[in-house]
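The next part holds the structures, each set out as structure tokens.
First chain A sits with chain B, and in the next complex the same chain sits with chain C.
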Partner chain A sequence: MNAAPVLRAVSGGALGADRGRLALAVAAIALGVALGYAIHTVNRTAVAEFSTGVATLAGRADLVIRGPADGFDEAIYPRIARTAGVAVASPVVEADARLPGRTESLRLIGVDAFRAAAVTPALVGESDAALDLLEPDRVFLAPAAAAWLGLADGATLALQSGTGIVEFVVAGRVGAPAGRRLAVVDIAALQDAFGRRGRLTRIDVRIAPGAPPAGVRAAIAAALPPGVVVSAPDEEADIAARMTRAYRVNLDVLALVALFTGSLLVFTTQALSVARRRTSFALLRTLGLPRNRLAAIVAAEGAAIGAAGGVAGVAIGHALALALTRIVGADLGAGFFRGTAPMPAFSAGWALAYVGAGTAAAIAGAWLPAREAARAAPAAALKAGDDESAYARLARPWPGLACLAGALGLVGLPPVDGLPLAGYAAIALLLVGTLLLRPRLARGVLASVPRPRRVVAALALDSLRAAPAQAGVSLAAIVAAVALAVSMAIMVASFRTSLADWLDRVLPADVYLRAGGASSTAWIDAEARAALAGLPGVRRATFLRSVSIVPVAGDAPVTLLARDLDPARAGDALVLVDEGPLPAAGATPAWISEAWADRTGAKPGDTFELPLAGRRARFGVAGVFRDYARQTGAIVVERTDYGRLTGDDRASDAALWLAPGASAADVRAAIEARFGDGRLTVATAGEVRAVSLAIFDRTFAVTWVLEAAAIGIGLAGLSASFGALSLARRREFGVLRHLGMTRGELGAMLAWEGALVGGAGLSIGAALGGLIAVILVHVVNRQSFRWSMDLHLPAAELAAFGLAMVALAALTARASARRATATDAVAAVKDDW
Partner chain B sequence: MIELVQVARRWPGPPPRPLFDGVSLTVARGELVAIVGESGSGKSTLLNLIAGLDTPDRGRVLVDGADLARLDDDARTRLRRERLGFVFQAFHVLPYLTVGQNVALPLALAGIGDTGTRVHAALAAVGLADRAHSRPRELSGGELQRVAIARALVHEPAVVLADEPTGNLDPRTATTVLALFGDVTRRRGAATVMATHSRAAARIADRVLALTPDGLVPADAQ
Partner chain C sequence: MNPLRRRLLIAAPMSLVAARARARVDYPPVAAPLELAFPRDHGSHPAFRTEWWYATGWTRDEDGVERGVQVTFFRNRPGIAERSQSAFAPRELLFAHAAVADPAVGRLVHDQRAARAGFGLAQASTATTDVRIDDWTFALDGDTYVAHVPAREFTLALRYRATQAVLLQGTGGVSRKGPRPAQTSAYYSRPHLAIEGTITSDGRRRRVRGVAWLDHEWSSDYLADQASGWDWIGVPLDDGGALMAYRIRDPGGGTYWAGGAIRDAAGTTRILGPDGVEFRPGRRWRSPRTGVDYPVAFVVRTGDLEVTLDPLMDDQELDARASVGIVYWEGAVVARVAGRAIGRGYLELAGYARPLRL
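Showing the complex of A and B:
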């Protein structure tokens, strides 16, 4: 059989008559691929950024020894340096230097220049005067830091130490990668200037040639106290990447939904195209074209749509990735990479993978229509008026019901490797199951609509009721788009409302102050605490110390929050979701966040150990609290208990309650007068709340873009199906024009049909979206981020969205059918006249 | 009721060619005129001109006293809705409506609310009073054409236009449908023009005219 004439006979008609709809399908796949590729590229850039960061700091180190953010005893260092198999050990102190008057801190690294030269040469300063490396008041800036601060060699850099100021002279540059804002000083100078005498945060180790790495690592691990761990640099990058993995996977999945919606548009296009060519196919089958060959050609049409969309999508996606990283950063607004400017790199492998994904999505969309084309009985298909039977096979209920049952079975399963894979699968099955059932659901919804009195509306309803399978084809993309939009709206509203409620509960004071976290060069000492408590207008002051701890080697850190609180009334300061009795003597009471409870399985009444100040301290779980601030978990203890266990008397944050009649502005002015302008970040509870919600909104901004894309694809699906169906109904429109229906009434009838399909899609999509939202809130979010939240229905927003969708559907249908309704009534029925 | 005065029309092409010129015709209320002619002679075009669906190159078309050249598209649509009935060769009964709903369509489009009695009467006139709730797919070809005749007459139009109304029917059914069509249109007093190839169809007409490039002539004169 000669292939070219057969291809022309099968597909030539489609390329001619469906050109516009094919272009729309290609555009939909391109959009899905573009979003997926862009999100993936940005995520890849983010992971690469973690590796670059670790590589910069670890240099040629084979092993990195790390402790809590506030450091560990430097007495460990000589023991490590003398360990058999260790060639060089380079001690390091890292700190986040607070810059008076700036909100962002500067990464400050203290190194021993002689040791660092052998392990991390990039961190050794370059200066005209070699002795500058040892001078205690000299600092070397990475180019990005120098540009950011606007400082040339010889300029003075003022950094905050506690609530005071220390000054350094810029002596030269360090060769950090482009975009990294960091500064290097002599290790002893850093320890002295920032109250870290006798403390290290890291030791970089090079193993001697020929020494067994595993043996050296084991020997070092044996010499380390609790809370100090040894790991390979790539393991550190992996931990950092894993901390953001759930966020990145969620975005990847969301982008894939856009691709899925695109595949539905291919389904719509191909289903309609196959229905339109049904008679031609029957004729070709009668003339001897094998069933499988016909199916393969129709599926190949889908593949061609997918490949074209995939190539365009990758090109658009790469441009989008460049724009996204430039505008919102490689973390897409989540704030993981402040102070860096990573750029996405093109990867041919991933580009091919996404072209393949677009092609696969389009083939999946074309598969059912291709199967229908092959299965249709030629004798029946040759008869006119057989159109609805072309879609009937798509209306079988069992595959859809099986998918829904599968979703129900998956929804209760636990996460896999920290990812809610069963939750994602349940959502996919819910979506696919509902889409498979949509002809029946459409019939049910349309049957429930009372027949309108207005003739054009009544005709529209009758037309749709008579062809539920055709209506179902129009519904596919719109149901998926509405489900996505509604589920995301409910999830985001639930999250935002829960976050706002949580902020109201955890911000009971009037004014909040922050010096810095455990790694910061700023802190609040006893004298400052007394001064704050004694400020005029301050009725009460409480303080908090925040410390990052690595409980187990190779695991993500947990934040220990030592705060002033009454153990008997912990619920006043924390949003408790579970409570237990205070532990018996021998264990210190601790309240754990939901994230930590999920990570460890701990519950009220249990005890656990944490490495603190080089020893293992025993804690008893007195309650579990909701915490939206720290994804890897937090543990709250009384500040006095923490001081007793560690000897650390510093505070990171303060909360001030104002006396009656006192104003926050006055207290803020008093703080600045006492400590200096910008030494402490001061904000009212309302300001903290507003900033937190603004960060939330920025983080979720990208989800609205993806949603808008899905809705656009959904409407494009409606447009494609109405365009095709209305062309197939030209004769009907001609008859109605003969009978006295004006063009305006014809347009109104189609607008009603669009509104009815849009309404049906909205009803089905909203119900599906509600179910997906429940899974997102209670399964996906909980398992991804370990955050619980209360379900909140944004009724007004959803109602407005629903009205807008129905109106858009009506307008889309009216506009898409313009070509068919504009056809001359005589020409439309010319077979007769 | 129907008046054509020196009407000329060219086939727009491609390629363009003259169809007919100098066509004049008057059809009175209750009269049934059959137009015969070769394929491509312009019979359907002539019906389109009377329906206001096409405009002549020259001459005037008046329907129920209205000069179509003076009416805009909406006014011509209203004229069709209120004063014209159509019977098509392929029936064109809307498949998603019941038989009764199909027949009621012209009344509904004209904004007439209570259609039950008139629909029943129209269906009874074509012998389908008991099929009002049937779906078109349940009917035979002859029954479908009777539904189309009921739909064409339910709103008691002044003018009925039919193009090959028996073209899709077997001879026996065609004879039955034609007899019914002639009887019903005359009883309702409609001026009826029917384009046909069929001699049997032409036999029920009061006058049979042949369409030639130079106008209408009595068929027996050819």
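Showing the complex of A and C:
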């Protein structure tokens, strides 16, 4: 048999018959592929951005030496420079320069041009007057920084130092790559102007030709004090990328879920299509078309849907990626990149991979219908009324039960390499298991529904009870969609409620001030602290110093928060989830965040060491606190202890309690009058809370899009399966019409059936979604971000969602069956004889 | 060497006029009487704008092959960041230059270093001659200067042993560079240093011996505004005497100022003023790389002595920096009187590419 006429005979009709549903299936696959491809592309951009970022800054360095964000003792520099095998050691001081009146800071890099020229030539200013490179008041801007600030050569750049201002003259450009907002000054100028005397933040090292790199690295490592580490530039990029990996993987999994629901839609579409062509397939089989050939053709139809969806998805996904990076940044709003504007690049290889993934998902969806088409005995299928046998096989309980058991076993497993892989697998198994069991579950749910008194409703219930497998097909998409929507809603609500509670607890003061973090050029010195505490209307002022330190070489940094707090009443300032006694003498009390507790396994009563000011300091864990702000962990110590251990007397932030009757607006005005406009970021507790929640909502906006898409796909699946079933039930409808049922009553019956299926799907899906939410909250989020949160059920929202879902199911079912019920009663009944 | 270092190397110590424009410090003038005291005055004089230790000599290896070798360290006070408290403050910059003139190569092989003073990595001692930039060092040990210069294409490990007394140039070491009294430098020479050591290149280590000339000079006002460059010779004479002569050129190529000194084998020194020295350019050589035209042969009249200077080879240009436009010629020359060789020394031609004023 020639392939073309066969294809035309088998598929031609199907393609023509229901363009709308076909388009929907293509769209569903496209959606999954688009989301996946967009997220992947943005991630790729993010990772590339980390590498180019490191490459720019590291230049031709073979090794990079780093310490805490506020730097390390410059005395290390000559030791490194003299280490055998070191060709050039280039000392660097980096700072985030606060610009009065701007929220974003400017990356300021201080270099010794003589040394940097040999290692990081991109960080050496371009000027005809060579001595400009050494002048203490000259700054060289990267093109992106010049454009951002709107400054030409010769212009004055005002930067904040402490709460004062230092002025620089723009002397030229640095050849940093496009998009990097950085400025270069002489290293001595940076140290002098921003109070960094004696400190370096980085030393870039070039190894002499012929020297053994591993040996040189070991010699350097041996010369470094605690908290200062040596690594290769690509390792640095790797650490940076790893810090965001859990977030990126989470998004990838969301895209995978979208693709899975698309696959389910292909399943229902093809199931419908096969059901409709049952008679013609049987005819073809009797005419000699081999069984496997028929199956291959139906699977190929799925592949065609998948490929079309895949191609469209990649196109949409790329556009989406461009839009996302432009609007929310390459980290999808997570805030890892500042002052850069990376552009996603198109990759043919990845595009093909995603088209392939879409195609594979569609083939998987079409697989069961294809097997079913091939298996049907031609003789029986030529006759009508054999439809119930079609998916009977799906009702076998063991595979489904095995999946559920597997899921149960997986939830207790620890993360793999920092990723909650077992949690994800458990969710997948739960979903698959429930889908496999859904005809059985549907029967159970329908059996529990009391028999309604209204005839049409009773008829609908009977009809579904008699053919649970049919209901099962309709249920597939609905269950998946509801489970997805419910689980996400619960997870987001839990997170948001926990965050809001946490914000209430950690913002006890009335007004908050921020100068800048440890790498910022802005800080609050003793004089400024006294001034703040003495402002009229201020009852009490506490201060905080935030420093990022590297506890272990090759590991992500941890944030050390030195703050004014009463050790006996730490719970007033921190949301403690675990508490212990204050440590004995010899160890400084410290409270650790859950993330840090997870990273190190430390618990109250334990002691641990941290590198501070080039020495190892001993701390005792007095408590574990909840912290949604810092993913890699945070450690709180008393500010006086920190000052004693480091000699660092600066503060990054301040919290002010107002005297009774004082107004935040007055205090804010007093702060600006005292320190100058915009030198300190001032916000009330309410504003901080609102901004934090707004950031949260923006970050999770993507989940709402996915939920909406899932619901749409679920309803489309319901529509497809009802369309298929009603076509198969034309004879039944004819008989009912003959028995005196009006067309309206027939529609009502189908609406009831839809509502019942929708309700069944809703109850199964909601139960499944609840379970998934528990895994998301307690396993996936906890392991990905090390955040614990309290489960919160958004009851009202879920109830409204449920009602809407059932109503939509009823309407969808009725609308999809319109064509079947519209046929002439006599013609419909004649079908059979 | 990358363009930046090149720029700094040349711009900072040599384009003194450019630095003057932005000077915010009052550099002390070199004024008589100097009252030099050694070894203290072998060391650095950081208050002055610029200073150099310039060792040039002829060497002969065990196979009898002759090579010129130059080791120079510059110190510069750019007048920047004088009040800075940072250990990185660029108050003092150090530069170094080393070159080997090997006729078999046919051009100068050279390398450079540049750094800000600090951290003991780059420094110029004020106690005696002891300058270093990373692993390049030049230091006086007793009566011997020890140079260690691991360069890109060669490594010098040379000892320069003093065999004669210090030769104070000008009036008690105050050397005039122009008609105005303030246009002076502190300047002494050490002719007839006995070289002993090794030159390693192309994987071969050659023992060498030879005779060198050391200039140590510091100044705050070396080159007048009206001047565009200079010619200089320093020749240890075969008979044990020493000859130094220089002229500061005006932009037209004429002589703006001149001077010199002749010391005979017995140690009697004649200091020459502008009337006593005459530079008559001879054969010219155009650099194929930079296109700069140099008079590579001279007849120099010092007092009643008329000395003909011929280069070891024509191409002794310190270039590889055509982009910058500032290049020099620093080369080994043979000095002859009436066709008879009387000594082998060095000739320096500065400011031929363009005036040493930017």
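To be clear about the criterion, the second predicted complex is superposed on the first by the 750 of 833 C-alpha atoms of A that agree within 3 Å, B and C clash if a C-alpha of one lies under 4 Å from a C-alpha of the other, contacts with A are read in each partner's own complex, and residues count from 1 in each chain.
Basically, contacts are C-beta pairs under 8 Å (C-beta built on N, C-alpha and C of every residue); 3 or more make two chains touch, one makes a residue touch a chain.
Just so you know, these numbers come straight off a predicted model, no measurement behind them.
Look at A:Ala117: by the touch rule set out above, it reaches chain C but stays clear of chain B. Legend: residue contacts after superposition of the two complexes on their common chain; A:Ala129 is shown touching chain C, with no touch to chain B.
In the superposed model, A:Val455 makes contact with chain B only, not with chain C.
Touch criterion met: A:Gly740 reaches chain B, while chain C stays clear of it. By the touch criterion stated above, A:Arg465 is placed in contact with chain B alone, chain C being left untouched. Applying the stated contact rule after C-alpha superposition, one finds that A:Glu732 touches chain B and leaves chain C untouched.
Of all residues in chain A, only 74, 77-78, 81-82, 91, 112-115, 117-118, 121, 124, 129-131, 133-136, 186-189, 191-192, 197-198 touch chain C in the complex they form. Residues of chain B touching chain A in their complex: 44, 47-48, 51, 53-54, 73-74, 77-78, 80-82, 84, 86, 88-90, 92, 94-97, 101, 105-106, 108-111, 113, 137, 151, 163-164. Put simply, chain A touches chain B in their complex at residues 385, 453, 455, 458-459, 462-463, 465-467, 731-732, 735, 737-743, 745, 824-826, 829, 831-833.
By the touch criterion given at the top, residues 2, 4-5, 7-8, 11-12, 18-19, 22, 78, 80-81, 84-90, 93, 114-116, 119-121, 134 of chain C touch chain A in their complex.
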